[in-house]
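Here come two complexes built around chain A, the first alongside chain B, the second alongside chain C.
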Partner chain A sequence: MFTPLFKFNFFGVEISYVIAAVIGILFGYTLERAGFGDAKKLANQFYFRDMTVLKVMFTAIVVAMAGILLLNLVGILDIKQIYINPTYLWPQIVGGIIMGIGFVIGGYCPGTSLVASATGKLDGMMYVAGALFGMLVFAESFPLFQDFTKTGFMGNAKLTDWLGLSPGIVAFLVIVMALFMFWGAEILEKKFKVEES
Partner chain B sequence: MQNKEEKYWSPYLAGFVLGLVLLATFVVMGRGLGASGAMMRSVTYVVDTVSPQHVDNNPYYAKYAGGEKNPLNNWLVFEVIGVLLGGLLSGLIAGRFSLKTEHGPRISPKGRLAFAFLGGGIMGFGARLALGCTSGQALSGGATLATGSWAFMMAMFAAAYAVAYFVRKQWI
Partner chain C sequence: MDFKALFNKRVGFFFLIVLGIILAISPAGSIQQPFLSADEMATKVTSKSNQISAEDVAHILIDKQPGVTIIDIRNKSDYEEYHIPTAINIPLENLFKVGNLDQIDPQNTIIVYSNGDAYAAQAWLLMQQQGIDSFILTGGMNYWASAILNPQKPDDLVADSEILRYQLRQSASQYFSPGGKIQSTQPEETKTETQKPITFKKKKKADEGC
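On to the complex of A and B.
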C-alpha cells in the first residue's frame, strides 16, 4: 500500500494546494459538461423531466466506491487512511431537509452555483451571495443550537457496520440500487418530458 | 440558443468522469471533494478581517480562524478556486459563457434572482448544519459509504421532492 500519496508523504502541504487547484479544475469542468451550470436543468430533476442529477451523482458514487474497494483489494490504496465523514445523524438529517428545500427554491447546490457563476449566470451569483449570507447567519446564531449539532454522533460509522455486511456485499447492493434507479429514471423522463424551446 | 453551443455530455459519461476525479482525489489526497466548506472559510475570513475578537469569541468561527489561523490557508479553498476556473474553461470552450439569468417560463428574471438568493441562503445554513453539501457529503461521503452521508442524501432528495410542487411556478 502506498496511497493515498499525501498520507504516505509523497509531497507536502504546498504541493497539495497545487493539486487541489488541478483537481478543482477537473471537478468544475466536469460539472459544467454535465449541464450543472444551468438551474433549470438541475431543478427539472424534481419534476421528473430531466433526471441528469440522479444519473450523474449515482454513476460517480458507484465508480468512486468500486474504485476505492478494488484499489484496496489489489494492495494499492490503504482504506484506513482515507477520510470518512463522521456521522452526526440528527443534524445531518435536519440539515439535509433544509438543503433539499433550498435546492428546489434556489435551483443550485453550493458546488453547482460556483460553476453557474463562473459561466456568467446571474442567478448563480445571487445564489452564492445568498449561501454566504446563510452561512454568516449560521455562524452568528451557532451558540443557540450548538448542543443539537452534536446529537446522534456515531463516529466514523459506515453502512457496512449498520447493515452488518461486508464491503463487497454493500457495494453490490449500491450498484444494484443505482441500476434500478437509472432504469426508473429513463422511464420517468419519457413519461414527463416536454418539448421545450 | 446559439447553434454553436456544444451539447452536454451524456449523464452516464459525466458521472463516470466525475467518479474518476473523485477516486483520484481519494488516491492522491486521502480525502474527497467539497464546496461549501470553502464558502464558509471565505465568510470567516471577512468577519476575521472586520473583527478578529468576534471570531475568537464565537466557537464556530474560532474553529476556522481562532488566534493567528488564516481560514483561507486550506486545501478546499484552492480546490474551489479550481472549480471556478474549470467551470469557466468548460463554459468558454462549449460556447456557453454568457451573462444571463436562468429562469422558468412563468417567472420574471427579477423574481428568479430573489428566489436564487433565498434558496442559497437556506442551503448555506443547511450545509453548515449538515457538515457539508452535495459534494462533501453526498458524493464523497456516499462513495466511502459513510452512514450519516447516506442519511443526509436521502433527507435532501426527499425534502426537495416534497417541496417541489409548491414552487413549481418558478420552474415549469
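On to the complex of A and C.
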C-alpha cells in the first residue's frame, strides 16, 4: 500500500497545494458545465422539476465509494490513512438545516455560489458576500456557541461501525439506495414536469 | 458496433448491481496493513510526523477537543507531582499489561509523553508494533514545563513567528498555571473559571477536509 500519496510522503505540503488547485479547477469547471452555476436549475430541485443535483450527489458518492473500496481491494489504498471529518451530531444537524434554508432562499450552496461568481453572475457574488458576512458574524460570536459546537461527538463515525456490517455489504446497500433514488427522482421529475412555454 | 447501447439506463443499472454484489462478497475496505514497515516507521521518525508540539497540545486542551487521550508514561510519583491536565497515568512498564490500553477508545488520538523524549519515543515504537498509532509530545514534560508553564521572553532579535509562539505560550501558561509556576496540586482544580477564554488563531495539526 502506498496511497494516499501525501500520507506516504510522495510529496510535500507545497506540491499538495498545487495538486489541490488543479483538482479544484477541474471540479469547478465540471460543476459549471453540468449547469450547477445556475440558481434556476438548482432551485428547480426543490420543486422536484429537475433532480440533477440529487443524481449527481449520489453518483459522486457511489463512484468515490467504489473507487476507494476497489483500490483497497487491490492493495493500493490504505483506508486508515484517509482523513475522516469527525462527527459532532447536534451542531452538524443544526448546521445542515441552516445551510438547507440558505440553499432554498439563495438558490446556491456555498460551492456552487463560487462557481456562479466565476462566470460573473451577480446573484452568485451576492451569495458569496453574504456567506463571508455570515462567517464573520459566526466567528465574532463564537464564544456563545463554543460549548454547543462540541456536543454529540461521535469520533470518526462510519456506517460500517454503526450497522456492524462489512464495508462491502454497506457499499452494496448504498448502491441499492442510490439506484432507488435515481428511480424515484425520475418519477418525481415526470410528475412535476412543467410544460416548456 | 452501437456504442449508444452501452450507455442506456438498463445497462447502467445492471452494472451498478453487479458492482455492488462484487463489493459485498469481497473483503474490500477491510484490507489493512497491521503494522508499519520499518522503512515507513523510519520515515515517520525522520519527518517528525509522529510528534506533536507542546503548543498544539495546549491548544487541544484549552479548546477541550474531544477524542484525544494523553498518556503519562512516567512513574506514579512523578505523575502525582504534576501532570498535563486530563492525562492518564500508565507507567511504561505497565503500558502493555492486560486492560491498560483497552480502556482507550481506539479511534482516539493518543499522545504519549515522558520527562524527555527517549521513553516516549520507545513507547511510540512499541505501540506501533502493537498496531496502535500515537504521537509523541516533543520535548516531553521538560519542554512543557519550560514552554507552557514558565515561558521565557525571547530575545529582541528574533523572528516575528517566535514572538507569536511566545505569546501563545504565555496565554497558555495563564490557563494551565495562573501563578506562572508549576502547580504541585492537581491542576484541574486550580483552573479558574474567571479566566478569559483564550482563543488560538493557530490551526491545529490534524485539520484537514473541506
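Observations
The rule is simple: the second predicted complex is superposed on the first by the 195 of 197 C-alpha atoms of A that agree within 3 Å, B and C clash if a C-alpha of one lies under 4 Å from a C-alpha of the other, contacts with A are read in each partner's own complex, and residues count from 1 in each chain.
Assume a residue touches a chain if its C-beta (ideal position, glycine included) is under 8 Å from a C-beta of that chain, and two chains touch if they have at least 3 such contacts.
It should be emphasised that the depicted structure is a prediction, and the values quoted were computed from it without experimental measurement.
Within the superposed three-chain model, A:Asp38 lies in touch with chain B and out of touch with chain C [touch as defined at top]. Of the two partner chains placed around the shared chain by superposition, chain C is the only one that A:Ile175 touches, whereas chain B remains out of contact. When the two structures are aligned on the shared chain, A:Leu136 is found in touch with chain B, with no touch to chain C.
In the superposition on chain A, A:Met126 contacts chain B only, with no contact to chain C. Of the two partner chains placed around the shared chain by superposition, neither chain B nor chain C is touched by A:Leu144. Taking chain A as the reference, the larger set of touched residues comes from B, when chain B and chain C are compared.
Of the two partner chains, chain C is the only one touched by A:Asn9; chain B is not. Look at A:Tyr17: by the touch rule set out above, it reaches chain B but stays clear of chain C. In the superposition on chain A, contact is made by A:Val63 with chain B only, not with chain C. Contacts of A:Gly107 after superposition on the shared chain: chain B is touched, whereas chain C is not. When both complexes are aligned on chain A by C-alpha atoms, chain A residues 62, 68, 83, 85-86, 142-143, 146, 156, 160, 167, 171 touch chain B in the first and chain C in the second. Put simply, chain C touches chain A in their complex at residues 13, 16-17, 19-21, 23-33, 40, 43, 47, 64-67, 105, 107-108, 197, 199, 206, 208-210. Contact residues on chain B toward chain A in their complex (touch as defined above): 1, 8-9, 11-12, 14-33, 35-36, 39-40, 42-44, 47, 58-61, 75-91, 94, 96-104, 109, 112-164, 167-168, 170-172.
Across the complex, chain C is touched by residues 1, 8-9, 62, 66, 68-70, 72-73, 75, 78-80, 83, 85-86, 142-143, 146, 150, 153, 155-156, 160, 166-169, 171-172, 175-176, 178-179 of chain A.
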